[in-house]
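Quick notes on the structure that follows.
Labels A, B, C and D are assigned to the chains in the order they are written; within every chain, residues are numbered from 1.
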């Protein structure tokens, strides 16, 4: 076993355990904190995949922004949750069975496809994969349209979220 | 390699030779050394804090017309050691209802997030922590770990004031991250690289000259990121007791301060690397030790500026902090980014002198426009406020009757 | 994996480990005389009242939201800046259009009073 | 060398855990958290295929960028809706929020 494989296995176990806690933690805030650990683990996986740009972006966007947003939302809606009783609904056992079956099916498919186990990293990494990404994003023959549509999507999300989330009744007794 | 011109490389080569002589294969020896460096550098940074505390207290003291620490040791040099001895032996009190794991993790994250930034700082032509090709973004990423520490502290302390303080700080930190990231994008654009060492090498002319506005924005935002005066809402003692760290005691409390002192200096380091040419200077290529000296000198000047601002500015209100960021800094950052990109592309064929003067001119134009628009809207606002005040006064007069002397 | 990132990993572990070790050592040195009163929640000497989880302004949430949207911008603009030499004028203008559209979001938030902290 | 299958199995497991969260959690925010897990698993897959199958073209990277953008937009709007519902109904347990039903 190489060093890389050992690191991968450790990180994979961390990610999966953290993910399990995310979906089962009785306290919402704990679920959000476990999500942060899972996302950090994914950042390490990106480093292993030689995509360091996405590793740092993962930390900046997911841990620095999305996780913060989740924590804020949990605190804002705190009164809704008494954190007592089961946080799972009545379908939980059925859901668990379905998910385990899906996982089994997926793994079976992967194992029966020879390529996934034998395929190795395709050649050397390009000299500057980040610049490649930049070129591809703004190339009219590449992904120019998604690039501009993404900005419009973000604009729409921002406008929509501000419109919905605005507090119209200037709250009383708020800090 | 001569010991005097480049001691670190000299020593590391010597150690490597020693390892090889001991029978360790050359490749392994070459791999072990940077690992050892990765252990030593954070240790040195941690020890450096001791000096920083003394330096800062001394300067703040002089600014406020008092001697600063001067009792323990010559010039009070041993004061930080006395402080340490004290804080090490203080009891650790955990409040009831605290969420233990995040509560204890918070001070660790606050310091670790700052220490981690040192990994990519280029100290001289030959000694640059670890040169990764996403260095600039790495700094932002590691910085957001510190933000996480503050949220943890606020949530886990089970205290209203801690929570309020944490919310305020986090709102401030994430807000100022935007102009900081956008200002950081300009050096990246000018040097076409995110590696810290390549950014330094791309600066025969300092980026402070080429891009003065982003440099200013970066400097101010980095003060806000540390949460120091005038952005010290976090520890507005008079308003929210002490902020997010209220329930901490002993060294856990001290760690937040270690993080703050170190963060201020680290920001000066990064600013120097990004905008002041890092280790560049006459003779720095041939004699890396000179580059290191230049780097530290420039950093100390920048750090001194930060301390001077801390010592002389009153605190902003939270609404002012937010509006300064979103209504002034972010638009300026966006504008200067656009102008930098345009000039860089349109003047690509022109000589360096033309290109740089165009950059400077664009920056000046943006600055002028912002000042003009700013003063105009400020005047309008003041007029509005005056009207409001006048109408209130007349309302009061209606109720109370006109004053006799009117 | 690049060895460089292995060193980054070591560096990060050491930088998180140092404060942890320091705090651990300090907790060995520090006196331990816990009492119920000592570990009550600090509130200017008064006893704490009500829940810790007071209701917060939605404003904080809006700020985080706008931050998130602008944070996403960096994944588009940093590769764009790094690849600058390989881009034509058209591609640079595309990037500027991207920035302009997002600036529209900033203006909307401004007009809707997301930055007013009254 | 890590074989491609390791990444794919890790991603499959993450997707299944996330799916379980989406179906079984009662709290709306927890559902969004689980969706984040699923999207991250997708990113792992995309980058793994980029690295193992076609590293020359940046398509894999571009898709990851788009997934992150979509995730951010989804979280922004989703949480805003949750907060708005919470303000009106004082609950975010999905079984209790029944106003949207026909």
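Simple rule for what comes next: contacts are C-beta pairs under 8 Å (C-beta built on N, C-alpha and C of every residue); 3 or more make two chains touch, one makes a residue touch a chain.
Keep in mind it's a predicted model, so treat the numbers as computed, not measured.
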Worksheet item: Which chain pair shares more contacting C-beta pairs: A-D, or A-C?
Response: A-D
Fill in: Chain whose Cα centroid lies nearest the overall Cα centroid
C
Response to the item:
Distance between the CA centroids of chain B and chain D (whole Å) is 33
Worksheet, complete the sentence: Distance between the CA centroids of chain A and chain D (whole Å) is 6
Worksheet item: Using CA atom averages as chain centres, what separation in Å is found between chain A and chain C?
Response: 17
Fill in: Computed distance of Cα centres, chain B from chain A, in Å
29
Worksheet, complete the sentence: Within chain D, the set of residues that touch 2 or more other chains is 65, 68-69, 72, 75-76, 79-80, 83
Response to the item:
Each of the following residues of chain B touches two or more other chains, namely 132, 137-138, 142, 163-164, 167, 170, 174, 177, 194
Worksheet entry | Residues of chain C whose C-beta touches two or more other chains | 5-6, 53-54, 56, 58, 60-61, 64-69, 71-72, 74-76, 78, 81-84, 87, 92, 95, 109, 114, 118
Worksheet item: Chain pairs in touch?
Response: A-B, A-C, A-D, B-C, C-D
Item to complete: Can you check the complex and tell me which residues of chain D touch chain C?
Response: 65, 68-69, 72, 75-76, 79-80, 83
Practice prompt. Sort out for me which residues of chain A touch chain D in the complex.
Written response: 2, 4-5, 8, 12, 15-16, 19-20, 22-23, 28, 31-32, 35, 38-39, 42, 45-46, 48-51, 53-54, 57-58, 61-62, 65-66, 69-70, 73-74, 76-77, 79-81, 86-89, 91-92, 95-96, 98-100, 102-103, 106-107, 110-111, 115-123, 125-126, 129, 132-133, 135-137, 142-143, 146, 150, 153-154, 156-158, 160-162, 164-165, 167
Discussion item. Show me the residue ranges of chain D that touch chain A in the complex, using the header's touch definition.
Written reply: 1-10, 12-21, 23-27, 29-30, 32-34, 36-37, 40, 43-44, 47-48, 50-59, 61-62, 64-66, 68-77, 79-84, 86-87, 90-95
Worksheet item: In the complex of these two chains, what residues of chain A are touching chain C?
Response: 3-4, 7, 44, 47-48, 50, 52-53, 57, 60-61, 64-66, 68-69, 72-73, 75-76, 78-79, 128, 130-135, 137-140, 144, 147-148, 150-152, 154-155, 157-159, 161-163, 165-167, 170-171, 173-175
Response to the item:
Per the touch rule, the chain C residues reaching chain B in their complex are 3-8, 10-12, 14-16, 18-20, 22-23, 25-27, 29-34, 36, 38-44, 48, 52-54, 56, 60, 63-64, 66-67, 70-71, 74, 77-78, 81-85, 87, 89, 92, 95-96, 99, 103, 106, 109-110, 114-118
